[in-house]
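First subunit A sits with subunit B, and in the next complex the same chain sits with subunit C.
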Partner chain A sequence: MSDEENVPETQMENVSDGAGLEEEDDDDMEQITAQKVLEILETAWINEMCAPEILPSQVDMLELMVSQVAHMEEQMRDLDKNDFRAVVHGMELERVRYIMASYLRCRLQKIETFTQHILNQEAARDPDEKRLSPEETKFAQDFAGHVDEYFHKVATQYMPNQQRGEAELRIVTPNLMSHVFLKANVAVPAVIVGVDDEEVDMAAGSQHIIPYQLVADLIQNNQAQLI
Partner chain B sequence: MDPAIIEFIGEKVMISIIPNFSNEPLHMIYGSVGPFRAGFPVFVPLWMATHLRKQQKCRIVPPEWMDMDILEEIKEEEKRSKFFTKMPCEHYMVVAQLVMSTAPDDVPRCEELRTVIKDIFDIRESKLRTSIDAFIKGEGTYAKLDNLTLLEIHSVRPILPYSLDHIARYQRMATASQRDTSMLSNSMMGSSSVPNSNSLFSQ
Partner chain C sequence: MSRSNKLFGDKAFELLKELERSSQTIPAFDDDGVRQVLEEIKAIFEENVAQASTYNTSGDRSLWPLLNFRHAALQRNKRCLLAYLYERCRRIKALRWEFGPIIPADIKQTLCEPEVQFFNSYSKSLAAYMCSAGYSQGAGQGLDLTNNLRPPKSLYIEVRCMEDYGKFELDDGEVIHLKKNSQHYLPRAQVESLVRQGILQHIA
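Presenting the complex of A and B:
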């Protein structure tokens, strides 16, 4: 269980055969271990479940993990189904897959709820600050298009113009001031915690309940995580 | 979050087992486990331990804190202290529940332990409810929740953040309508005989 033990199977650089992902990634990506990737994904998953708005996509980490899972499945194919190793590895892969699926499902749910809001925000962001993966962007656009088309077909086209209302008014936005539970990863000094600019120093490992917007940057910088 | 997800997260806790088989170390994605030698304790994640136990391939060694004396002490401490005390394990309820349901025979005085742990949980829950009551009445928007475990936080998850959100929403509405009213009454200055429909909101 020691972290130093960099056994071949758990290292990302060794899964390159066939997948060829590493060439696309920068140098420090090559050194990352599968364990680290899983930790990042797990944190992203829990943050995503707890945050009211959509967070930056971890699509690189997901791709690494998917190829790692595929690689391990490839290796396990030769093992007997009832082999102890096959059972345990199989269980772990199921757990990893659950985390990945649940993470993506959670993001899709947010995209379906806040479609237009998310699309507007994405359009305003710089290319390297985009929060959606290309696939998610496509899904969001298609989804928005289909919903509009459907409503147009079954209802709005039969309505007089003034009752169709402003499209802007129909946009659903997340409540960024909703309260979340948060755990500080490192000591963070002087976090504003109230509308009246009250400040609090967060110790590493301390837990708090606080409106999301006041700590959104801490979560993105990984100084704190949602729980 | 679903309780099942909290259990899922809690299942990552490492626990000691005594396997009755031998095997090479396993290189899991989460880290390496083993080597397994029959009769020698080894640390594995809880989900693996419960699986192996169900297959009759190991005995679970209860964690150190799963002991009558230690737990009684924690219970007394929890009763004495005004604040939440630090629990021996971040997921003590999950671990206790899983270990005691899959392997009651591996835990000495299992039933008594179960009662004590439940007592501790109940004391903490009632403390939590009292402090939430005080917190909401004090109209705060921020609170520190040190030493609460994930399960305990989630036992108040549906109600606490939602009620705070609602209170915050009402407060925003109140300030907004107050502003409207004052603007309206300013513009109506001098014609005080005109009934001000918005004055209802500011009172």
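Presenting the complex of A and C:
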């Protein structure tokens, strides 16, 4: 929340106590600030936008942020509408809300495009490695059902019996080898690039263009981020 | 073998090209075209079945390439047809994002019955997702994903009213009369859906 930092302390009085989440009684999240949450969300958002496949969901962060936004809105209600602070904070909230909405939309889009592929992958994953939130899973299943039903009603029910199956041929899969731009957060030695086991050392802060699949684990471990 | 001089798969390809070419949001469902493709698929299939059985009894190898060829044609037809439907699906989904849960009457005419059903069920599960996502706990209205479609540039925008809409109540209880050709300076977040429906026009 860069704008927030620029507002002098005195002006923050009304809203600033909402800026820290310390009072949240979330035990496993000790001392995480709203600033940090937003940073994590922003990274997750950009990664999600750039990555060809769906990434683990950041639902926890999102929920923290939503309650934070609600909290700030609550406090802003006391401010005069023409107050400078109200304008600045209002704008900031709008931005945060856009990021959250855009993040979820992006995920939905991927779910809609790669429905069956994602569902299959999810089914093969352990419960604690699931990438979709329960709601997203439900949405994906519903959506797959709707498309199948539509296809069936319009076309496949009129086709000869033996030709109806082959649903597995219709699975759309993301191209994991598409190139992405990424920046290394920390120094990562010996990343294998290319088929012939060629290795590259990434310095912290360096930027690269590389097929997504080769660096997918770096992104998940937060050693690098997409840009 | 079909005796007409048209090629296998022509009609199916035509369907796709028509859809691709049209500049409308969504062209009318080509009932006739889809039926023709389905008939072609069926005809090819039946011919193949008939010849496959002669092949089985006589073991005449010369039929083999023909069978393969027909099978490929059949696959192609099927693929084109499903691609046609899938692309329409995609556009129908876009409608939901653009116009909300109700299809405008003029567009509804261009859809076939199963498509309307698809739209409704899609709309329902999308709404269910947005509600159940749990983001609304304690957050008042929660997060409407169909809002905030573009990065916000400013808090308020200037809008011109394109039609008589009547009263519109803002979050803070202020009521505005939206009359045709009147101009207002309103919070963007609250009027965004009206702008998208074309009731308000965003001016500079």
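The rule we apply is simple: the second predicted complex is superposed on the first by the 198 of 227 C-alpha atoms of A that agree within 3 Å, B and C clash if a C-alpha of one lies under 4 Å from a C-alpha of the other, contacts with A are read in each partner's own complex, and residues count from 1 in each chain.
Operating definition for what follows: a contact is a pair of C-beta atoms (placed from the backbone, for glycine too) under 8 Å apart; a residue touches a chain by one contact, two chains touch by 3 or more.
Since the model is a prediction, treat every value here as computed from it, not as a measurement.
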item	value
Which superposed partner A:A155 touches (first subunit B, second subunit C, both, neither)	second
Partner chain in contact with A:A190 - subunit B first, subunit C second, else both or neither	neither
First (subunit B), second (subunit C), both or neither touched by A:S178	first
Subunit B versus subunit C as contact partner of A:M49, first or second or both or neither	first
Partner chain(s) touched by A:E73 [first = subunit B, second = subunit C, both, neither]	second
Touched partner set for A:R95, first subunit B, second subunit C, both or neither	both
Subunit B versus subunit C as contact partner of A:E135, first or second or both or neither	second
Contact residues of subunit A, present in both the subunit B and the subunit C interface	87, 91, 95, 98, 102
Subunit A to subunit C touching residues, read off their complex	59, 62-63, 66-67, 69-70, 73, 81, 87, 90-91, 94-95, 97-98, 100-102, 104-105, 108, 112, 133, 135-136, 138-139, 142-143, 146-147, 149-151, 153-155, 158-160, 162-163, 170
Of all residues in subunit C, those that touch subunit A in their complex	34, 38, 41-42, 45-46, 74, 78, 81-82, 85-86, 89, 93, 112, 114-115, 117-118, 121-122, 125-126, 128-129, 132-140, 142-145, 147-152, 154-155, 172, 188-189
Contact footprint of subunit A on subunit B as seen in their complex	1, 5, 8-9, 14, 21, 23, 25-33, 43, 47-48, 51, 57, 140-148, 150, 153, 157, 160-161, 164-165, 168
Touching residues on subunit A, where the partner in the complex is subunit B	1-3, 5, 7-10, 34-35, 38, 46, 49-50, 68, 72, 84-85, 87-89, 91-93, 95-96, 98, 102, 175, 177-181, 193-195, 198, 200, 206-211, 227
